[in-house]
Amino acid sequence: MRRAIYPGSFDPTTNGHLDVISRAVKMFDEVVVAVAPNSQKISLFTVEERMAMLRAHTTQYSTVRVSHLDGLLVDYAQSQGAVAIVRGLRAVSDFEFEFQMALMNRKLAADVETIFLMPKEDYTYLSSRIVKEIARLGGDVAAFVPGPVKEALVRKFASLKSEA
Amino acid sequence: MRRAIYPGSFDPTTNGHLDVISRAVKMFDEVVVAVAPNSQKISLFTVEERMAMLRAHTTQYSTVRVSHLDGLLVDYAQSQGAVAIVRGLRAVSDFEFEFQMALMNRKLAADVETIFLMPKEDYTYLSSRIVKEIARLGGDVAAFVPGPVKEALVRKFASLKSEA
Amino acid sequence: MRRAIYPGSFDPTTNGHLDVISRAVKMFDEVVVAVAPNSQKISLFTVEERMAMLRAHTTQYSTVRVSHLDGLLVDYAQSQGAVAIVRGLRAVSDFEFEFQMALMNRKLAADVETIFLMPKEDYTYLSSRIVKEIARLGGDVAAFVPGPVKEALVRKFASLKSEA
Amino acid sequence: MRRAIYPGSFDPTTNGHLDVISRAVKMFDEVVVAVAPNSQKISLFTVEERMAMLRAHTTQYSTVRVSHLDGLLVDYAQSQGAVAIVRGLRAVSDFEFEFQMALMNRKLAADVETIFLMPKEDYTYLSSRIVKEIARLGGDVAAFVPGPVKEALVRKFASLKSEA
Amino acid sequence: MRRAIYPGSFDPTTNGHLDVISRAVKMFDEVVVAVAPNSQKISLFTVEERMAMLRAHTTQYSTVRVSHLDGLLVDYAQSQGAVAIVRGLRAVSDFEFEFQMALMNRKLAADVETIFLMPKEDYTYLSSRIVKEIARLGGDVAAFVPGPVKEALVRKFASLKSEA
Amino acid sequence: MRRAIYPGSFDPTTNGHLDVISRAVKMFDEVVVAVAPNSQKISLFTVEERMAMLRAHTTQYSTVRVSHLDGLLVDYAQSQGAVAIVRGLRAVSDFEFEFQMALMNRKLAADVETIFLMPKEDYTYLSSRIVKEIARLGGDVAAFVPGPVKEALVRKFASLKSEA
């Protein structure tokens, strides 16, 4: 059985993430979607909220499991017996960073391969960061995220505004 | 009448910004320079200070209007009846980000075109961020910004230093 | 009146070219599409065939004129009283080359501006070269070029094959 | 069973190609290495010579099959029932081109995925073109290709020289 | 005598930094390694700790001097009578930023040249930021930094954890 | 004594080449400018013509020697006892190619370092290829090459035209 890990912050889930998952499912016997806590940036949604979103939109895949990371990605991949780390590639700056991470991960664990999948071109330039920025300014993100994620964004920014 | 929006944080105005404005003026009947509040980074100058700087250095153009943004760029562009959003292109990392924003904006408002102008090559690598860094360290930024902006930077960093 | 030149080899016209033309039409009072002879590479279609293709697919625009270049682009732009050279931007390698050409053209003629438009993302990675390669190998290029261009490609490669 | 196609011109086989094959073998049940005739550039070795080289250096993998392409890659992939096209990613210019090809291939055959693997960093900047250039000038390519390929290069350039 | 400045934040020293120093030593009569305070990001180690690390790992070079920067890099370079600023180049995003800084520095001080050296390819994608991230998550950074730096990282993160 | 090699095709010498030479002269005790025969592309000027041009425009530097390459660059560098190969860096695509060549050269000869210098920003996007293209179309290349090189280009294209 070949298992792959698809790690990310998924803050929140976008159509681009779901597109990558749909492609990984065809390649591997099991795909573990692993929510990383994201130490560098403050996240909008908690790890639990992010895992719930991913679960809600991957119910059609019996081979997808949603989990979370709390240590080093390669340690997690090895503990899961994964043969590959899956990443979606978008644009050039992405590519550079992804390449760097993949090389570092290979140094740390030579037996875990990183593979890159290309999301649908409509999602080539989509990122959670831009989706949040648009939602924060009151824009409609229906084209970029599933309906319930859009509603969660609206509620979250409304509650942040009432707090401020 | 063809109107264009030139958005940015302009924190502060550089010679590169003024160069892009001088080029946009030749292309459009009206150019609205729109100061964005810049949610992600803390700005050095207030929106009002930044608008005043831009006004002071665009008085020679009767077709330039300085304004500010407080919502989504494409909503503002549509409310102004603009046909285009103008962006200056500098280097590759710039290009990637600009491309991403332009594609997202097109999804949100298909009728607003983004066009890219190329600043004078002397300004190809100029950015507000680097100008601020040089000024903060006591360097002379006379080659990069108009005289009054240079003086405002000197005063601003002097007052920040006396506060600290 | 503001006139723009849209130069290229157009060997053959793709949906990406037509998309850029549709955007330029909104920006300028007249758009001159100028077929360049392409000294470096051997072209598949003659300049006349390429001009005919462009004319056939731009009849809906009263402000588009199809012409050809036989000298320096900036000399032609100046002789036409153009304020701008229009270019479509696709990917990074494109950007670098376009930037280089635009800077050289500015040195040769400071009063002609180069502006960059972004084709529809479906056409972001489309090029005449790849279309020709697919058609040569018998692939269906219906998604990339207008119907009559597809037929011209099929005929052209059939005649080249029978010659060989 | 999941089958993947690894296409290329392999003119000649380099250590980088063999490294990508070793990684693909871990991901898929069968890997078809498909030599493309390379229409644009004149090849140094014939398709048969290139297939023989690949076969000679992949005998340790029971799941690797060496073949050749004579039409469109996606048609071949579909005729083989492949789920994926495998590509090795080296540097940025590579990435752009690979991305473009992958998007075009997806338009032509939505069910064939392209996945990118990262060769060992020692091979990040290795290409058949540079290997040939070094061999042509009398340099030692032992670090870049298997021994028999090095010898084939030496013989080939010696015979080309004696012909000239 | 030709003196060069090698500036950086060195937070902490990596094998990549030491590799660049070993190359610069062959080019110049004296190499001043200058620790910059790094205004934008909070550093993990103090300037003094970073200088001590650099000194400890450059004792074999009689022509290396470790110092620190507290103003503008070009002012420091001129005060030291340096002919060159040395920078290590890694990947594309690096290159863009380095190019921008080098052009700005040249505007500020035309007589100080910036030269770029290429670290060993094993270190092409190595950065202090990634080393810290791996160490923070409990990963082994022995392949990326000298032994004592690894120990300092372990101690630092242990003390940060006990504080939290 | 530290000697550097500055290799290139110099077909023809541009102001960008002369700018790089002027910078290398400050760094090294001797700079050998080495004209490469350029196997891939047909050159406009002979190796002898190109060497004569370089000599004519470097007479002010007593430490510059013009030579030519007829084997592998690293073999030549070693035979000359050079410590460095000097390259001018222009734009991103350049950078990728230069990086690749430098890594290959390092594999072939570990003791020869490649260093990159940044030409004056006016020359950032200047190349012999574009200069030839402009000259061929009758444009004025006075801003890009020394006067005698401009005249040589005019004569060369006039003689090519009369032959055709």
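Labels for the chains are A, B, C, D, E and F, by order of writing; each one numbers its residues from 1.
Keep this in mind: a residue touches a chain if its C-beta (ideal position, glycine included) is under 8 Å from a C-beta of that chain, and two chains touch if they have at least 3 such contacts.
Note that the coordinates shown come from a computational prediction; the quantities given were computed from them, not determined experimentally.
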Set of chains adjacent to chain C and to chain E: A, B, D, F
Farthest-lying chain, centroid of Cα atoms versus that of chain C: E
Rigid-body rotation angle, chain D and chain C, from Cα fit (steps of 5°): 120
Pair sharing more residue contacts (C-beta pairs) when A-D is set against D-F: A-D
Mean-CA-position distance for chain F and chain A (Å): 47
Chain B-chain E separation of Cα centroids, rounded to whole Å: 33
Per-residue multi-chain contacts in chain C, two or more chains: 92-93, 96, 99, 103, 121, 124-125
Which pairs of chains touch, using the document's own definition: A-B, A-C, A-D, A-E, B-C, B-E, B-F, C-D, C-F, D-E, D-F, E-F
Interfacial residue positions of chain B with respect to chain C in the complex: 2, 23, 26-27, 83-84, 89, 92, 95-96, 99, 102-103, 106, 113-118, 121
Chain D residues touching chain F - in the complex, by the definition given at the top: 91-93, 124-127, 130, 133-134, 136-140, 143-144
In the complex, chain D residues that touch chain E: 92, 121-122, 124-125
Interface residues, chain E side, partner chain B - complex: 39-40, 71-72, 74-75, 92-93, 96-97, 99-101, 103-104, 107-108
